[in-house]
Amino acid sequence: MALLEVENLSIGYRTKKGVLQAVDNVSFSVEAGRSLGLVGESGCGKTTIGMALMGLLPRNGRVTAGTMRLMGRDMLGLSREQWRELRWKEIAMIFQAAMNALNPVQRVDQQIAEAILTHNPGLSRGEAHSQVEGLYQLVGLPLERLRDYPHQYSGGMKQRAIIAMALACNPKIIVADEPTTALDVIVQDQILQETKALQKEFNIGIIFISHDISIVAEVCHHIAIMYAGQMVETGTTDEVFRDAKHPYTRALLGSFPALGGERRPLRPIPGEPPLLVGQLMGCRFCDRCPVHGKACKLEPPQRRRFSDTHFALCDHCD
Amino acid sequence: MARYVTSRLAQIVVILFMIVTILFVLFRLAPGDPVSRMVDPSLSPEEAANLIAQLGLDKPIGQQYLQYLQNFVQGNFGHSFHYGLPVGQVIMAKLPNTILLFTTAMVLSALAGIAWGKVAAWKKGQGADMALTVAALVTHTLFLPWLALLVIWIFGYKLDWLPINGMISAEVWLDPASGHLDKALDVAYHMVLPLATLFIMHFGSYLLVMRSSMLQTLREDYIITARAKGLTERKIRNHHAAPNAWLPVITSVGLSLAFSINGGALTETVFSWPGIGRELVMAVSQNDYPLAQASFLLIAMVVLFANLVVDLLYAYFDPRIRY
Amino acid sequence: MTVLLGVMLLALAPPAAQAVEWDQNVLKIGVLEEPKSLNLWLAGDAWSNHVLQLFYQQLYVNRPGDLKKVPWLAAGEPQYDPQTLSYTVDLRPARWSDGSPFTAQDVVFTGQLIQKFKVPRFFSLWSFVKSIEAVGDHQVRFVLNRPDASFTSRTLATPMVQKKQWEPIVKQCLATQKPLASLLRVSLDQPASSGPFVLKSWRRGVFIHLERNPHFFGQGLSLDGRPLGPHIEGIVFKVYGTSDAAILALRKGTIDFYWNNVQPGYLRDIAGDPAIQVFRNQKSALYFMGFNLRRPPFDDPALRRAVAMLVDKRFIVTRVLQNAGEVMTALVPAGNAFYHLDQVAPYDQELTRGERVQKAYEILVEAGYTWEVKPMDHAGRMQACSCLLRPDGTEVPPLTILTPPADYDPQRAMSGMMIQEWLGQVGIMAAARPMAFGAMLEKVKGHHDFEAFVLGYGNLALDPAWVSAFFVSKNAGKGGWNMSGYDNPLFDTLADKAAKTLDPGQRRELVLQMQSIVQQDVPFLPLYNPLLVEAARNDRFQGWVPMVGGIGNLWSLCQLRPSGGPAAEAAR
Amino acid sequence: MSAEPQTASQVTPRRRSPWRERFREDWLVFSRNPLGRAGLVLLSVFGVMALLSFLPPLIDPMYHPMTGVDPQVLYSEGPSVRHWLGTDFMGRDILSQLLAGTRVAFMVGVSAAFMSIVLGVSIGMVAGYAGGVLDTLLMRLAEIIMVLPTLLVVLMLSALFGKLNIWTIVLLIALFRWPGVSRVIRAQTLSLKSRPFIDAARVAGASHARIVFRHIMPNVLPLAFLYMTFRVTAAIVIEAALAFLGFGDPSTVSWGMMLQWVWKTGHMFQAPYWLFPPGLCISLITLSFYLLGRAMDEVLDPRLREENGTV
């Protein structure tokens, strides 16, 4: 059984102009020790999914349809208190270090210990603290920096601290939201490698959210490409990279320098994604699609299967 | 840290020096005879002449200025015309009273502003928020002397609950049976109304600052982190949002200090609180120039130092700032 | 929050119940401001003098009723020897509060101290005294340079200090570079008192506690038919800072007497309380409008008379003073009956506004003043007029009426405003300008740079020597008392005569004549004499003695008795 | 006393779109703000009161706020048909005084605020644009003035210069209330200075004066107006406090003066009809300008708009 199963998930935001359909009919699953990369432009709904998995949708956001199951347990029916207990213990999150994910006026060790103490109320402060020390060693942070404040850390150290924090309660699943953005390439690479190692060691399922498909390729077993709230293509990393079906995936691959692949001129994707408000007809990528046909604009595209793991949401790909 | 404080102190000295200089110039620019402002009018002409020579008022203006600065540095502000005492002695007796009332008022209203602003932001748009915000808007635009008179009218006259003037009552202090506790209680008892007045005037602005700062903080990423960690809402509010949100309140306390001091002087005057602000108002109305001048300098000094304290507090609470 | 609540709760709990003991038979007096200094030589403010008059006694004091001088520390009337221009005074066998006797040495010392230091408060009273000598322990002889009427009335009313206490201080002061300044800055912990009370403790800004002086000479003595005490154990002066607080304290009985003028508004607060008695006494005061006779436009007596006509004193008294005062027609107030000129000037008749403008108009027309548009139309109705033109055809320029500031004396500031409006009715463009007291005196007295001003003397000596001082031409220089610059040889002669006349009856005639001249020429226009309205409780103490200057006086404090006691019954 | 919101509004420089359109757009945001609307309503009530203040003396000279007394009233009396709010101790009509006070408050508030804004804007722009020593000097001066409590400074000056008339007071308030504005304007000028359109203007040969007045000023003016509303409240409060302490201009009937009269003549316990109105008016006019300021703040600062708007 998969660790996490998401089926036909739809999420909408109430706004002044109407309901914004941020995520539309998305399904995926993650297994222990495996990782899934969610890739797409900003605003495509990938972060919304991450937040939904943590039960942290903003006040005006709501799951409108579908199910989310963690180890067979339905997450949508959880009460607030159940959610609170579930968070971090079962499913943790790695935030982008460049964001203000760490509280600037609290010492870092305290912020990590806080998570441990919240979920293990029986623990003493000292015990929690020694656990934090262990985590520091794990992620390769010097122990003498434990009592520092976040602003005293470099970007890479902050990211490591955040990873340490995510591991604090031995979660089954970690949602990593753009964990390496804004880090320089070398640090980025180090952290990715370490993440991979940790994942293996603790047998964690990871959902890796990024706008950078090449980074995702480095770490993930599976990739899901998101566009305008929909999952337009899913497959193993190999499948997607070698045999991208959806025109958007292809465009994405073209717009990023591949880490190990051949050198190609970068091609930006012209146009902008549609506004996700109101009734949307037809294929959402239509306006930017180089290969669209006449029907695309009117009929919603069909989900097409290419292998057991490889799907795409397009009528024109083959 | 030490270096920062030293440099700030140096800055304070420079500003004080400039204020002193401005006062010197003003005292000579004012119409009429500058000597008459320096010399006690009750002195005989011979004595006055003697004193003028002593003070160096018969010397060229540059030398007078140097003499004046020298006196200032030595803490020699002359003698009050009316008390006949050294001005320093008069104002130093009043300073602790002002500090007691003013600091208590500022600290209490800042704490209340922070506590209530936190609640208002947390319950944004709900009844509690509306009530608190409106109360804050209305109270902090009240006209202070009027509020003070109202407070006197209600609690002193209509209800007759609380003393409306002074700081201690002769009865308690003359009674040989009164112990230290009685005396402390007596001061607290007298402090209620002036304190309440200052409190009502000030908590509102801190509440509004705290509220908007808290609303901004609540949108910060570390709040999401805290939530993701599964912390209770209470903990998120009190341990993560509030400590960040009230930093701007500290700044606003500092910025509004000069303005609050005005209110302090008015409160002292209406409630006859024996403080430095009331002393200044009385010295001004009695033309006790040496006393007025020194009180003013002292108040400026208090504001300057309080600003320094506020900045140091800010640094203490915000680890990102280290001097 | 809890802290705040805690403080509130703590504070709401009333202070611990007080033991009855210490304040039994202790009179509590509320004062507005704290006595600035208990140094007799410096203390110029009323609050200090309230206290000091209970310590430092005079040789002679005014008695209630006719205000005649009666012996106090002195044992009898002063003996005058015209040959040698000397006065001999016998002293009572009194004691200081430390038990040592009050002797002629103390009197000599006090007089010489004032002369040596030229103490500003008293020196003018002693400048004409050539020598002071002790004749034995209980007799003093004063030799004067010239006869001066104010010697008995004022010089002999100087408070006396103890030689024993002040001699070492004086030595020290004389050794400094600024002897007088040093003397004025002396502060005594325990002033030796020859009066009914002695200082017990003083907490600046809060209270002064006096207790009965066991060595006071008056105890058991009956002076002028008045049994002197003190019959109370002590006095606490409590500083209130604001009148509202003091009035509330009086209502509650926290004080027995508020030693200050009760503002008209508060009368309603205390009216109807049978335990509070309101006393209205005259002051020896002169509130007046002064003109600058040295320069136009008020160098013309006609214009001054017209202004006098326009000013409605009755209005000022009823409205601005709320009836707590009397219209003043001559310089010496009616309360000082002996020297009061009972003669009404034309402008002091009861007139309506219209009649006043009409009469002022007539005075001005007669003196040759003109208007483009007259203040009166043909039918004799008032109308808005154009600017007043002088006989030579030039406009009377806009002028300023200086008044004290509103915080110092709202009534005079307000009077200035009203006068400004009234002058406008005949086309005199006046503007009342309140000015800080010191600045105003400097302008008026020091520089003679003014057109008109409104001032007042709240506590004039009963002896009318000041009537001369204000108008003799030799005082018209800068800094002199003749602020108007009045110059009238007839007045000068009369003033000179009056100063040398020692017979009260003759002196009175001269003073009345002088006042009459002033009434004619209007260098000053007397406006009003405020009544002193005071309030005291009668439930704890009784026996207040009303006199000019109010019930807060030495006599009252020597005669007050606890209410309800057998002694009080007997006294009734 | 009022404190200003601490958010240092950063106004995004606007393209020089037609003023009218911009105004309409702003007005829309403004009018949707409940605080702004409340402030505006209150303020118009005071505006009407100020206009009405000319009326009473025309009805009968006894309604003249300063010198008119009711011949039948000798003491302070409560509300009646003749005197809707009662009379003061001399028999002067309190309502007429209250109306006259409105006029004075507007006069003092608006003129002092206007002067201090003109001063603050010019100094801020000069300091920001010129930079260097001049900038340092001006900003140091601003710092010194900022730590001085304005009310006490004016008190001190009134001791030295004798009594102050209303215009001197206005001028003094203006002189001591510019630094806050000038600091904000300076920051704004600094950020504008580095924008391309200023460079462009400079390259095109525009003089410094032209750059300051044609290019920088239009962009800082909205901010200046915002600060003006806060200065108005400060000026009104300072004048009133001064008058209350007895250092005001006694030939002016201002609300502070009325409070001083009721306090000093001993009527504060017995005449609530006299004690309440002036203080209430001072408080409410301060509130209305303050609300207006906050609403304007939201117009100028979209961040606040989002926060307080109806999401």
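Going in written order, the chains are labelled A, B, C and D, and every chain counts its residues from 1.
One rule holds for everything that comes next: a contact is a pair of C-beta atoms (placed from the backbone, for glycine too) under 8 Å apart; a residue touches a chain by one contact, two chains touch by 3 or more.
Not measured: the values here are computed from a predicted model.
Steps from chain A to chain B, minimised over paths through touching chains, total 1. Should one ask which of C-D and B-C has more C-beta pairs in contact, the pair is B-C.
Farthest chain from chain A, judged by C-alpha centroids: C.
Chain B has its Cα centroid nearest to the centroid of all protein Cα atoms in the structure. The centroid of the Cα atoms in chain C and the matching centroid in chain D are 44 Å apart.
Centre-to-centre, using mean CA coordinates, chain A is 53 Å away from chain D. Separating the CA-averaged centres of chain B and chain C is a span of 38 Å.
If each chain is reduced to the centroid of its CA atoms, chain A and chain C end up 90 Å from each other. Contacts with at least two other chains are made by residues 158-159, 162, 245-247, 263, 268-269 of chain D.
The set of chain C residues touching two or more other chains comprises 244, 248, 405, 407-408, 436, 439. For chain A, no residue reaches two or more other chains under the stated contact definition.
On the chain D side of its complex with chain B, the touching residues are 1-3, 5-7, 35, 143-144, 146-153, 155-162, 233-234, 237-238, 240-241, 244-247, 256, 259, 263, 268-269, 272, 275, 278-280, 282-283, 286-287, 290-291, 304, 307. Within the complex, the chain B residues that touch chain C are 31-33, 36, 40-44, 46-47, 50-51, 54, 79, 82-85, 93-94, 108, 111-112, 115, 152, 156-157, 160-178, 182, 185-186, 188-189, 191-192, 195, 199, 270-272, 274, 278, 282, 285, 287. Taken in their complex, chain C has these residues touching chain B: 1, 3-4, 7-8, 10-16, 18-19, 21-23, 28, 33, 36-37, 39, 42, 44-45, 118, 120-121, 123, 177-181, 184-185, 187, 201, 203-207, 209, 236, 238-242, 244-245, 248, 252, 254, 405, 407-408, 436-439, 442-443, 446.
The residues of chain A lying in touch with chain B in their complex are 54, 56, 84-89, 92-93, 95, 99-107, 111, 114-115, 118-119, 149, 151, 165. Across the complex, chain A is touched by residues 220-222, 224-232, 235, 239-240, 243-244, 247, 317-320 of chain B.
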